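What follows is a pair of complexes built around chain A, which joins chain B in one and chain C in the other.
Moving on, here comes the complex of A and B:
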């Protein structure tokens, strides 16, 4: 029981990483209705972009910005030249999922071919340890949490205070109606991919800062918790993704402390199943109902 | 036991029920007919003849599929050896390690005017370290490689699922699986030159105790390969007088292990025993470094492999790795004429093996090299690459006997056999002594890590010590 409070602290770190990634994932889905299962691999690609910069002597926090830019451009290009070509042909949701899986495998294997099957680390100092009661955080972990909070606030401000955010919400709710109202939905979709990619890039780097090493499969291995957080909150709901990330992050660490590390994944996903049994549309679900997600 | 004897047919067969696992339906047909007793009086002679012929045909078909045919299969073209191991996935480092041994041996065989007039090749078959992927990979390998005559692997990750399939296809396999389940293997085509995982666990415990550690923490990944070390590690350390203060099973590749690390710190161990994939151990140990301080770590052979060392060294710093790390691996002396031949050929294979020097002192690469040579020499003894014929010669290639000429390479073996001598192959992995289950286990060595990337020898744990504390 004495490990419960530290575990909550550790859970917050995991939740921060998950939140950045899950909000990016769900933001893009809400606007485009494409369940992008290559998201984890884009994270990895961004981590590699940061790695190259970092090993060229660039500070890791500047590398974070580079990864965000790389992720933004990569995601938008991926949509324009791959996904959108299928959408234009009327490819259905399930077929699009297969396309994203194919893209995921392509990215993974290209990274494998370029970087070879080994592990990589950043030149980055974890920083001093800081104690908050019985919780312990390193400097880089505190930075990760601050980045997550800032990212979430930016998303909140974007959605509630800007015309672009309102246009995104309108496109997410009903694209046809949004177009009829004069919203340039194609541009909105581009921006959604850019933002999602930027968050994906940030998530890739902070994930690696947390795990210390990475390989071509690291991001893909993190995809399931990302999707779980997004689904738990209500797929397509950025606020839901934040809530889902906190739930999954805390559940994993607390179960590891109270039950056994062997059940870490089990507890988090058991909660996911229970929540979805009670509330199939997820915790927050305004948009989900309006879209054809359940189908 | 059911014995079906057929005489009066071209090539008489004796089929034992134990050999008929893949033909059981046919045997059941036969048994059912036998249980019905004498044929009914109203059955015509023609009908009874037809039934008899059907039964005989069924049994002959079964027999043909399970026993050695009268003449060996004829091979044309290049003979194939497979490295059947994970080349991707968490245990991706296993495959290249194995392929290094296979390619080196194959190159030397080809340079020595080939194998019974054939060139040889090594193919890599990726099991991904997962039985779900390994089973179709094995089936595809067997179906598409008509000249497959032998193989290295499988590893612990996929051995339980694939050994029966490969055995049924009559392909001799030199497994690097450490699972204790194969300690008393009944598979006729299964061989193992390396100690089982549970023996590695004992060697880790003995070394830790010798170093004065009394409070151990077992931190192992939840994969089959890693968990195979745990039971005997726990019992041996306890038998020695130590105490396991924590036994953690890690879910692999999580983003955080801080809660697990916190529990470790609370248990106050003075040594960590571990095997997990590189990313897991790197995250775990770096988070231990952040939350407390590092303590000595004793790993298994996979932790000596370059990907693990690179990942963990990158995470905690190479200086810390050098200071705190040791690992138990099967002992291979890495000196002497056999090793010289192996190492020279290995280093010359740089176009096929990236960074070949990383496998120079790797006991698994060395025994994988030995395995190919042993199979090749058995083929030479049997005068055919047909596995159903040469399999029985494998133990004879390495058997110690008075008057046997000790040979240290394939070429020496071929020359000695041509001169009519009895041979005993002793490769870089050392002498092979198969028990009745075709297992050959030996001593362990403990190695450390140097900043230049080498693994200095720290200690040796004898085979007798391992057996003494093994359950």
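Moving on, here comes the complex of A and C:
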């Protein structure tokens, strides 16, 4: 029990990071139907963009914004000039997965070639510690949680209160019907990539802020928990992804505290596999059922 | 030819033949039967680990490496054991994951399986010695043959060549048989194949296991040659090297994928291993992976069916001319 409460604290932080990343991942998947396995590597690329700015003397919170912008533009360009070109050429769903993996290999190794195989860290002050019962958070960890909550609220408002959000949900559910209703689906898809990339960039930076050091494989290593959270919530469901993130984040840290830290990752993997086998449509699944992807 | 040159050439030949075995197994699963297996390298790894522990001898407390199931089996048995264990694992994985998952979910399950396998092998030190891996695995019949290292290299090259030939004949046999036709039908349209009475789930499982056995054998033969095996040797991108060979050579064309093997795993990744290092160590390796990624993209763009696309099936017999109705002529 003494280990459990601090573990829940760590779990909440992991869940916050995961929530940002998983909502970005699932949002893009729902609108464009491309399973982007390069997502983790885009996170790393954004973390490196923030690193460059940070070491040029920029404050880390401004670097966060820079990373978000970089991620947004990078993702949109990647889709427009690579992924979408393949889709238009009639590349099938399975081949698209291979395309995204090839892109992931390229991004990861270009980063490796540029930055060399070593570990990096930001110039950032973690801030003083705050105690909540037996949970201890640093200032930057609290900030991470606040950022996550704000990001989730923004996504919620976007989806429920704006015309753009409505258009995105319509495109996700039935693209051709959306198009014939006068929605500019091409533009909606661009916006989806921009948004997903921005969330990806934020997630990349806060992930590094929490782990303190990073290398070219950091984001790729985080991809499976992201997918796990997205799938657990029902892929393409932002609210499901939030729930999934909390579950995976807590499960990982609690099993690390109770069993062994080495198996922190295995818990997320095991949950993912069980969910895929038992309930592949996820916890929240009204839309997912209707939207069967042609293989 | 100098000795070191002969060493280099025989090593490349051995790599080529072993990779051909592995790629043919993946081609049977992916190219012919359309099964998505992003965890292929795991089955290679399992075969390798099995062959290693059953030749290393029983583990003792004072040993510098620790593992389970140590034994001292004579020569051909470790390879068979490697194939059998990989086959068994394929059966378990196949029964669980090949049922009714959407293909993108199936791809995810396999990818995750590959990552879990690496985690377990690295963290459970008692199983196969954790991240350090197994080393000093004895080469088969090295003492009994009494050859010099160089002569042994040539013998091993011939042995792997023989195994590659056997695998090719086997896989080609399946591909061209009525079974192969059924598999291709299933790959192209599994609902139609099921409607014609083909047991799609059973067939998929069977090919998944057969491919797994081939993967295990390739791993076993490989580990007995390089004599060491660790989680770093079978990270998930390795599957994509095999997959790249299949895609570039020509999916479902067994001749094509052998050319693909010559180009990608051997030509790109092994032959360039001895380039002089430029900039810093690791730079060339990083560039190799970039090149593999670009190669896959370029092929999917320009030649999505590979260098040697699958030939459309032909009927060997001319269609029988419809019999003339005699009564009508009179």
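Basically, the second predicted complex is superposed on the first by the 284 of 295 C-alpha atoms of A that agree within 3 Å, B and C clash if a C-alpha of one lies under 4 Å from a C-alpha of the other, contacts with A are read in each partner's own complex, and residues count from 1 in each chain.
In the analysis below, contacts are C-beta pairs under 8 Å (C-beta built on N, C-alpha and C of every residue); 3 or more make two chains touch, one makes a residue touch a chain.
Since we're looking at a predicted model, the values are computed, not measured.
Determine, under the contact definition given at the top, whether A:213 touches first (chain B), second (chain C), both, or neither.
first
Considering only the touch criterion stated at the top, classify A:153 as touching first (chain B), second (chain C), both, or neither.
Neither partner.
Would you check which partner chain A:3 touches, where first means chain B only, second means chain C only, and both and neither mean what they say?
first
Output check: A:117 vs chain B and chain C. Expected answer is one of first, second, both, neither. What do you get?
A:117 contacts both chain B and chain C.
Does chain B (first) or chain C (second) touch A:274, or do both, or does neither?
neither
So in the superposed three-chain picture, is A:62 touching just chain B, just chain C, both, or none of them (first/second/both/neither)?
neither
Shared contact residues on chain A, chain B side and chain C side combined as an intersection?
Touching chain B and chain C on chain A: residues 112, 116-117, 260, 262, 265.
State the interface residues of chain A toward chain C in the complex, per the touch definition above.
Those residues of chain A that touch chain C are 35, 37, 82, 85-86, 89, 91, 93-95, 97-99, 101-106, 108-110, 112-113, 116-117, 224, 227-228, 231, 260, 262-263, 265-266, 269-270, 272-273, 276-277, 280, 292-293, 295.
Sort out for me which residues of chain A touch chain B in the complex.
2-3, 6-7, 10, 13-14, 17, 112, 116-121, 126, 129, 136, 138, 207, 210-215, 217-218, 221-222, 225, 252-254, 256-257, 260-262, 264-265
Given the complex with chain A, which residues does chain C contribute to the contact?
Its residues touching chain A are 36, 96-97, 101-105, 107-109, 111-113, 115-116, 119-120, 123, 237, 240, 243, 247, 280, 282-283, 286-287, 289-290, 292-294, 296-297, 300-301, 304.
Would you tell me which residues of chain B are touching chain A in their complex?
87-89, 92-93, 96, 222, 248-251, 253-260, 262-263, 266, 278-279, 282-283, 286-287, 289-291, 306-307, 310-312, 314-316, 354
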